[in-house]
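Next come two complexes built around chain A: one with chain B, the other with chain C.
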Partner chain A sequence: MTETLLFYGFGLLSILGALGLILFKHPMNGAMSFVITLISLACLYALLSAKLIFAIQLIVYAGAIMSLILFIIMFLNIGESDLPEERGRWFYLAGGIVAIGPIAILMQRAFKTLPPGETAIVGDGFGGVQEVGMVLFTDWLLPFEIVSILLLVALVGAVVLAGKREVSE
Partner chain B sequence: MLLFLPELIILISALILFLVSLGTPSEKTLRNIVLCLTGLLLLVTLTCINNKGTLFFAAYQIDLYSQLFKLLIAAATFIVIVFSGNTPGIGQRIRAEYYMFLFTGLLGLMMLVSSVELLAIFISLELSSFALYIMVPMRQSSGAHDYHLESGIKYLLFGVMATGFMLFGMSYLFGLTGSTYLKDIIPSISYLYNQPAAVTGIIMVMAGFFYKLGLFPFHFWVPDIYEGAANETTSFVAAIPKLAAVALLIRLLAMVSVDGQILVNLLLLCSICSMFYGNLSALAQKDVKRILGYSGISHAGFILFGLLTFNLEGYSNALYYTIGYAAMTLTCFLTICAATPNGNNLKLEDLKGLHGRSPLLALTFALGLFSLAGIPPFVGFTGKLMILINAFKQGYVVPVILAALNTAIAIYYYLSMVRLAYCSDDSKESVMVSDGWSNKSLALLLVLFIITMGIFPTWFLDMAATVIGATV
Partner chain C sequence: MSVELLLSAFIFIFLCFAIPTVMLMMVVFGPRSGGKAKNEPYESGIKHVVGMADQKFSVKFYLLAILFLIFDIEAVFMYPWAVSLRELGVFGFLEMVVFILLLLTGLIYIIKKGVLNWR
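Let's look at the complex of A and B:
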């Protein structure tokens, strides 16, 4: 019972945070409400007893990435006058809600018509460092290894694109 | 080790180019290095074609199907590298890095066609996309056209959106079947592919490949990126990721069969819409690369249409058509790259009097366009004919009529380009286009390939059927 309540609570919080990210005009407010989403997502992971993901979500996303984003927003020193004028945002919002309606109905049907299946209660070991490490280095060894090349590409790419401006000037 | 040889060669090539980029290589050295590496890759892929086996806890499958696609990808890359010459569209200082990204993107695509596990598919797709995200804005800015950064951002944003859809869909498939291995997913999903949850999941996973293929409704990036990226990058984007996307679509469509009516209708709608969208929008364009972009959207619709009959014949027709499409597009882009030695975009009016400036280029361009338009005896005609006949046999009467209508629309803009190249004289000062022997022989080879494929489709179709039959 408590779990269900907590689930709905955190789920609602994460949706509210995401809405705030879209609706707040100032980037700083948007970023702060996004932090709420990230933290409530971390709590949802904790409810699934996925300990490692919970910790990673808090440390990496809510901690490192968000502080980087906040740092950049502060670095740019955005004031009211720098923000673009958004005309008709309520109009767009209404349009978005209308568009989401059918998708929501589809999703509801999708979950209602699912064939009955047993949801196994996960054991104590689920979501720990050791268990994640085990699947990471057996079943998912290949993706794990390719990620290193992906990071190399991202690294060199960032340098190339950032250094490009000097050349053209 | 030997099974993984082509990928290892690419990886080592990318690392060599990374080392080269640290120094200041001359234009000629760099080009020779890249040519050698690509030639080596092509040779190695050719020798590895009969390899069979699985690697990495069965997440990586090496069979004739994957090796054939690897060979096609390697060959197409080799062609792009040869005709892009000194890559005038890319600044001299970042050329080594450019090739490094090209090779890492290639690595992603090669790993993609062998991956049979959702996470491996996802990461390899991302690897290939990331490299392209960076290659698109690397174009040298030359004042007249400065939208390469804009198109880079657009490509990235659309790509991230498609990736989001795909990951969400993968989470559905994982949730429904409890496995990320395709070999476990396909049998379990076959009981529930008419359930809304499974339909949503499958469609969203396919969205990622629709994006790579430039299919409606994930086509919005195509014209802008074709126009904004350097000519060499566009040639790469236009042909090579599409091969890999089709490889994966065939693998994934094994999840569905004709009984999955909702899915089939939805995909049929996507395919017809992309034909109409691509062909109608192409009518109003002024930039040759943009026209080819829109034509690419409509051809992607044709490929999907071929896949939708869900029989071996349909799959092999689609594969045949994809190989043909890659050859036709490369033929057209060869002309574009050769006709713009300064790396600018080719406007429609720049085509005027091309036959006077370079007869061979004009002929190659015309034959490539004839083939794209679907005029016999080229591969474009045979491929479309096969796909339409097969779909007709399956009872898709209305879609076949709509597709045939599209071929008629498409002829107009293809032939108007040919008309400009041949039937109008250049009023401006005529700059002779100098085409080296490598471009000439390549043009000849591609045209011969297009004609051979068009006249003798049986051998290619049989080969495609054997290869796919062993996999699906």
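Let's look at the complex of A and C:
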């Protein structure tokens, strides 16, 4: 009962945050409502007892990637005067809804045809932090070590692309 | 589901609805007063304030954010490792040592490169 209530609460919040992302005029307001969507999605993962995904969603997406987005917004330095007028935005939004509607109906029909037995809840340990850790560090050892090389390449690439130029003063 | 988790979830949902509501209430019911003298910027007697508050922004902030993201992902991998370290034993410890050493070379690289120096 409480799980259902929480599901509807977080689902509503994530939809509202996504709506705010596309409806707010200033990018900073949109980014802030996107944070709400990310945290609500993390809570939905927690309701599915995927605890590791919950933590990763909070740490990486709501933390690091969100700070990247905020830095980009600070970079572009958008004032009130830089924002476009957007005269026909409600008209375009209505057009978009009309265009997306058939796809949504199709998705719902596809969802309805799924047999109910296929969506059974998996065992208690699935998705827990310890279970994922055991699988990751025994069966998937080589990909895990390759990830560190990938991160190293990303680090060197970021430094070379963004940090190389000397500032002449 | 534990009681604390349930309560924190409800507090989060409540805050997400309460804060925008309070902001809206401030706009709708709050007192407002305008006028030419009030809207004029006044900075310690200086009549003409030079420049805007939003100044140019160094690219270094963005580079630091990228570096933060990379080491954040490293920290995420440590989380399941730390929970199941007892079962993994010495071998699991050595796995993480290799992982961290590879990223430590990256850290040494950016320190040597002087990326973290603020100039």
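Throughout what follows, the second predicted complex is superposed on the first by the 123 of 169 C-alpha atoms of A that agree within 3 Å, B and C clash if a C-alpha of one lies under 4 Å from a C-alpha of the other, contacts with A are read in each partner's own complex, and residues count from 1 in each chain.
Assume a residue touches a chain if its C-beta (ideal position, glycine included) is under 8 Å from a C-beta of that chain, and two chains touch if they have at least 3 such contacts.
Predicted model, so just to flag it, every value in this text is computed and none were measured.
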Chain A residues touched - chain C or chain B, whichever exceeds: C
Partner chain in contact with A:140 - chain B first, chain C second, else both or neither: first
Touched partner set for A:92, first chain B, second chain C, both or neither: neither
Partner chain in contact with A:149 - chain B first, chain C second, else both or neither: both
Touched partner set for A:52, first chain B, second chain C, both or neither: second
Partner chain in contact with A:129 - chain B first, chain C second, else both or neither: second
Touching partner for A:79 - first (chain B), second (chain C), both, neither: second
Contacts of A:109 with chain B and chain C, given as first, second, both or neither: first
Set intersection of chain A contacts, chain C complex versus chain B complex: 138, 141, 145, 147, 149, 152, 154, 156, 167
Residue ranges of chain C in contact with chain A within the complex: 1, 5-6, 9-10, 12-13, 16, 52, 54, 56-57, 59-63, 65-70, 72-77, 79-81, 83-84, 87-88, 92, 95, 98-99, 102-103, 105-106, 109-110, 113, 115, 119
Residues of chain A defined as touching chain C within the complex: 2-3, 6, 9-10, 13, 16, 36, 39-40, 43, 46, 52, 55-56, 59-60, 63-65, 67-68, 71-72, 74-75, 77, 79, 129-130, 132-134, 136-138, 141, 144-145, 147-149, 151-152, 154-156, 158-159, 162-163, 167
Chain B contact footprint on chain A (complex, rising order): 106-107, 109-111, 113-115, 138-143, 145-147, 149-150, 152-154, 156-157, 160-161, 164, 167-168
Residues of chain B touching chain A in the complex: 11, 14, 18, 21, 55-57, 59-60, 91, 93-94, 97, 100-101, 104, 107-108, 111, 115, 117, 119-120, 122-124, 126-127, 130-131, 133-134, 137-138, 141, 176, 180-181, 191-192, 195-197, 199-200
